[in-house]
Amino acid sequence: MRQRLSRLDTTLSPYLYVAPFFLLFAVFGLFPLLYTAWVSLHDWNLLGGHTFVGLDNYGALFADPHFWNATGNTVGMFALSTVPQLLLALGIANALHKRMRARTAVRLGILLPNITSVAAVGIVFSLLFANNFGLANWVLGLAGVDPVNWTAEKWSSWSAIAVMVDWRWTGWNALIYLAAMQTIPADLYEAAAIEGASAWRQFWRITVPLLRPTILFTAVIATIGGMQLFAEPLLLASGRIEGGSLRQFQTLSMYIYERAFSRDFDYGYGSAMAWVLFLLILVASMVNFALVRRGSR
Amino acid sequence: MSLRNGPSRRAAVLALVAVTVLGMTAACSRKDDATADGKTKLVIQTFGKPGIDQAVAAFQAAHPDIVVDHQKLGELRDFQPKLVQWLGAGKGAGDVVMLEEGVLLGYLRQPDNFVNLLDHGGGDLKGNFLPWKYQRGLTPDGKKLVGLGTDVGGLAMCYRTDLLAKAGMPTDRAEVARLWPTWEAYRAAGNAFKAKNTGAAWTDSATGVVQPYAMQGGDTIFFGQDNTLIADSNPNVRRTWDYANSLISDGLTAKLTTWSKDWEAGFKKAAFATMPCPAWMTGVIKANAGDEGAGKWDVATIPGGTGNWGGSYFAVPRQSKHPKEAYELAKYLTGKDGQLAVYKEVGAMPSSPQALEDPAFRDSRNEYFGNAPTGRIFADSVRTMRPVFLGARHQEIWESVFMPQLQAVEQGKSTSEAAWKAANAEARGRVG
Amino acid sequence: MSRWVGNEKPARPGRGVGAATRLWQASPLTYLALVLAVVLSAFPIYWTFIVASRSNDAINDVPPPLLPGGHLVDNASRLLANDDALFLYGLANSLVVSLVVASSVVLFSTLAGFAFAKLRFRGRHALLLVIVATMMVPTQLGLIPLYMLMVELGWQGTLQAVIVPFLVTGFGVFMMRQYADAAVPDQLIEAARVDGCSTIRIYWNVVLPALRPAAAVLFLLQFMQTWNEFLWSFVVLDPDTPTVQMSLKALATAYYTDYSQVFAGTAIATVPLLLVFVVFGRQIIGGIMEGAVKQ
């Protein structure tokens, strides 16, 4: 009898433990997901009626230049912000992985951006990147460079947004890397030092390869977040959902919001785009995942 | 790692969770249509600073069987999508909702979401409003009244006396008004100002002159009376476009985007000398310019004499369970007494001609703006304004299509012709 | 690639070959770079407190003011007197919601993470992939149907609506799974099994204590995220049952914002976060998110 109970326990417990997540997800996650898929197959105005149109919305979005513009902006901003962010985080983690005074304070300090309120962040960075009276242009002026109209070009607006995003997340990623670095045994480095390897070489030949799974973990998380950029570009645009006079920095999330909630309330079209965004994120993350599997063998 | 720490902490957390959940369920409040003693409960949802507290209190005093729950839902940009979602879900919207005029226009495309106020006698209220304000609450065919007007913005020209003086121009508001009786004169004055090299621009952005210019220039703007898109063929639109671009090419604007941080800082830094301003903008200017700006600002009539920017309406969503009482509430709040109460509370300009004539409003002055008789100035700007047909998608076509293109030209990213073509193509694409 | 166990102490090479020792001491340049990083990271929060203590038009000053002014009490009292914002009530609600959600997420994530990492059952790989996939769903996708669901359940305007959908998160499960994988030795579990422990006892006595540092970090992260959440609360709650973020937004008036009041509120609203931060922050030293290390 005891044997039977114990075997029941071993077989059933895992399912019981993971059940809460799936139960909640089924109700609060899956239902909205499926509902939105259903909506995306209709010409569905938020305020009016709806008619079934099959895949028309999807066809329409592939022909929509604003959709492609938003997608290009999103991917570009994501790349521009993620790569420096993770590299910088690696560097900071490496710097922190040394003996020094006030370690705790520094480690907590670089996590402060995550608890700073969005309102404060928005205002500080709007002031930083304002055209006429912004701090960034003021500093550039000191260096003899012409002021940059940050919201007017793709490269400048993307850079400004990348700065905002990186500011918020670099410390977070650095601490993840730091934890991973702390599990690398000292003997590896000592052996390399004996052989005369410089700090630089040690970093690239020992630290980074061993950190590969971690790096890709952070890359996946960054992908999920980066493809959904909404708050930062909106702040740069002073709340205007078009993201620049010629949509220079309108992301996909912003365009979805514009069509579904603030322009013509085309809920069906917005839902279709949201599903395409989801698939995009899925693909990008799966690519990362595949690399992880291969890299850690 | 002691074993005692883990489990006991976990137990404490579980206990905390249990207690909090129990506490929550006990404290949670449900929405009821009627209060315990059988009175009718009306929910009115507003954004910004509607200033209706006194008016609501007065209404409740006059209607002892009605209780009004006033929900203040933050800024317009947060409230608007929320309202849309409630309307779409069929639940959650109040009995009376506040619609900003641009928002109202959009909703006019789907008037069935709202109660037709004509059914409750709204037609009788026509004389209580400025003609153009009343007309905007109607669907294009005139058969449905969706909103009753609350406040209006009016339009005048705010200017900096010190900058004009620096350029050797008059600063007394009567004389200043004579500088720009027409828009062409305004442009000429701007060029004269520019020649004096004060370091400031003439105006903040070319986008500010578009609405007043277009509203003075014809009976229609982007849409014809039959709701077809006529932006590319309406001479009014073309003239307005060319005028705004002439200001840009003359170098008269500071190229600021309204509401941006740069724009707010522009007040303090004396970046521009003039700015088309509605009544409510005087408060914004004062807040942004601060104490340093006191005594440096004044108000004069706008070129062309009439204009309006902003204002709201009260509407009754179809999902309301008490449309009749809701109508009464909206009617009171938008009546003469209600609007004067609002004016006294937050300084919002009434849309009722009777209220505008009331000495309480008419004789008011603005201390910050050199004690200008703002009541008179702004009231005059709306009284003779002609009703212009805007169309349900006017706000969208202006704000999301033409305005960004104009800004692109202002930023040097496009030319007047290219932007004109792009704007019209996009408008055509949106409207179909 | 072998696995390192024993993550209690950070690998701290300090002895041994002279060259290695020198490489591990922070140089002045490193100090400088890190100080710069901290200053840049901390500036906006510092600036929040500065603006909270000044008058309204100071917000647009460039270069920005660096010293506190004398208006903090004045701004704060205006804030507390503001009936539209119900600031203190919003603080209390946010506290309840954030505590409950963070606790619940930690509880359920450790359970599920343990199961995925250490227990054998059919479909564990597929289910894990599903969980990760759920993290990729854009938020706007579900806003309206979720709202309709809340109305159906009668939860619109109640705190349940902002708590129940978030009692478990995919990120939490994923993170705990990674950590359990690396930090809980299989041998320990085997030993417990041999001793006749049921799975729940293994969880309670073996796994949980080992997961403590990562659980603390997850609590911190989840608390922060819930505290700062605005969009969903705003859609589903009423202004008379606000969270602290809603209260802050309610301070913004018609056409211009009284920044000094808003920032006084923001500063006060950041204090609980800072407290949780400092309390749990000690856990961040040494061997936190081990879960990110190996798969």
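For clarity, chains are labelled A, B and C in written order, and residue numbers in each chain start from 1.
Heads up, the rule we're going with is that a contact is a pair of C-beta atoms (placed from the backbone, for glycine too) under 8 Å apart; a residue touches a chain by one contact, two chains touch by 3 or more.
Every value quoted in this text rests on a predicted model; they were computed, and no experiment measured them.
For chain C, the chain with the farthest CA centroid is B. For this structure, the chains sharing the highest number of C-beta contacts are A-C.
Between the CA-based centres of chain B and chain C the separation comes to 38 Å, rounded to the whole angstrom. Chain A and chain B have Cα centroids lying 36 Å from one another. Inter-chain spacing, taken between the CA centroids of chain A and chain C, is 16 Å. Each of the following residues of chain B touches two or more other chains: 85, 88, 261, 265.
The set of chain C residues touching two or more other chains comprises 60, 62, 143-144. The residues of chain A that reach two or more other chains are 46, 123, 127, 130, 133-134, 257, 267, listed in rising order. Of all residues in chain B, those touching chain C in their complex are 1-3, 5-7, 10, 13-14, 16-17, 20-21, 23-25, 28-31, 47-49, 71-75, 78, 82, 85, 88-89, 91-92, 261, 264-265, 268, 280-281, 283-284, 287-291, 346.
Taken together, the chain A residues at the contact with chain B in this complex read 45-48, 123, 126-127, 130-134, 149, 151-153, 238-240, 242, 244-247, 257-258, 261-265, 267. The touching residues of chain A, when paired with chain C in their complex, are 6, 9-11, 13-15, 17-18, 20-22, 24-25, 27-29, 31-33, 35-36, 46, 92, 95-96, 98-100, 103-121, 123-124, 127, 130, 133-135, 138, 167, 171, 175-176, 179-180, 182-186, 189-190, 193-194, 199, 202, 210, 213-214, 217-218, 220-221, 224, 228, 253, 256-257, 260, 267, 270-271, 274-275, 277-278, 281-282, 285, 289, 292, 296. The part of chain C that touches chain B in the complex is made up of residues 8, 55-57, 60, 62, 84, 96, 99-100, 103-104, 106-107, 143-144, 147-148, 151, 154, 156-160, 163, 204-205, 208-210, 212, 234-235, 238-241, 246, 249-250, 252-256, 258.
Taken together, the chain B residues at the contact with chain A in this complex read 77, 80-81, 84-85, 87-88, 106-107, 109-110, 112-113, 254-257, 259-262, 265-266, 269, 271, 393, 396, 400, 404-405, 407-408, 411-414, 430.
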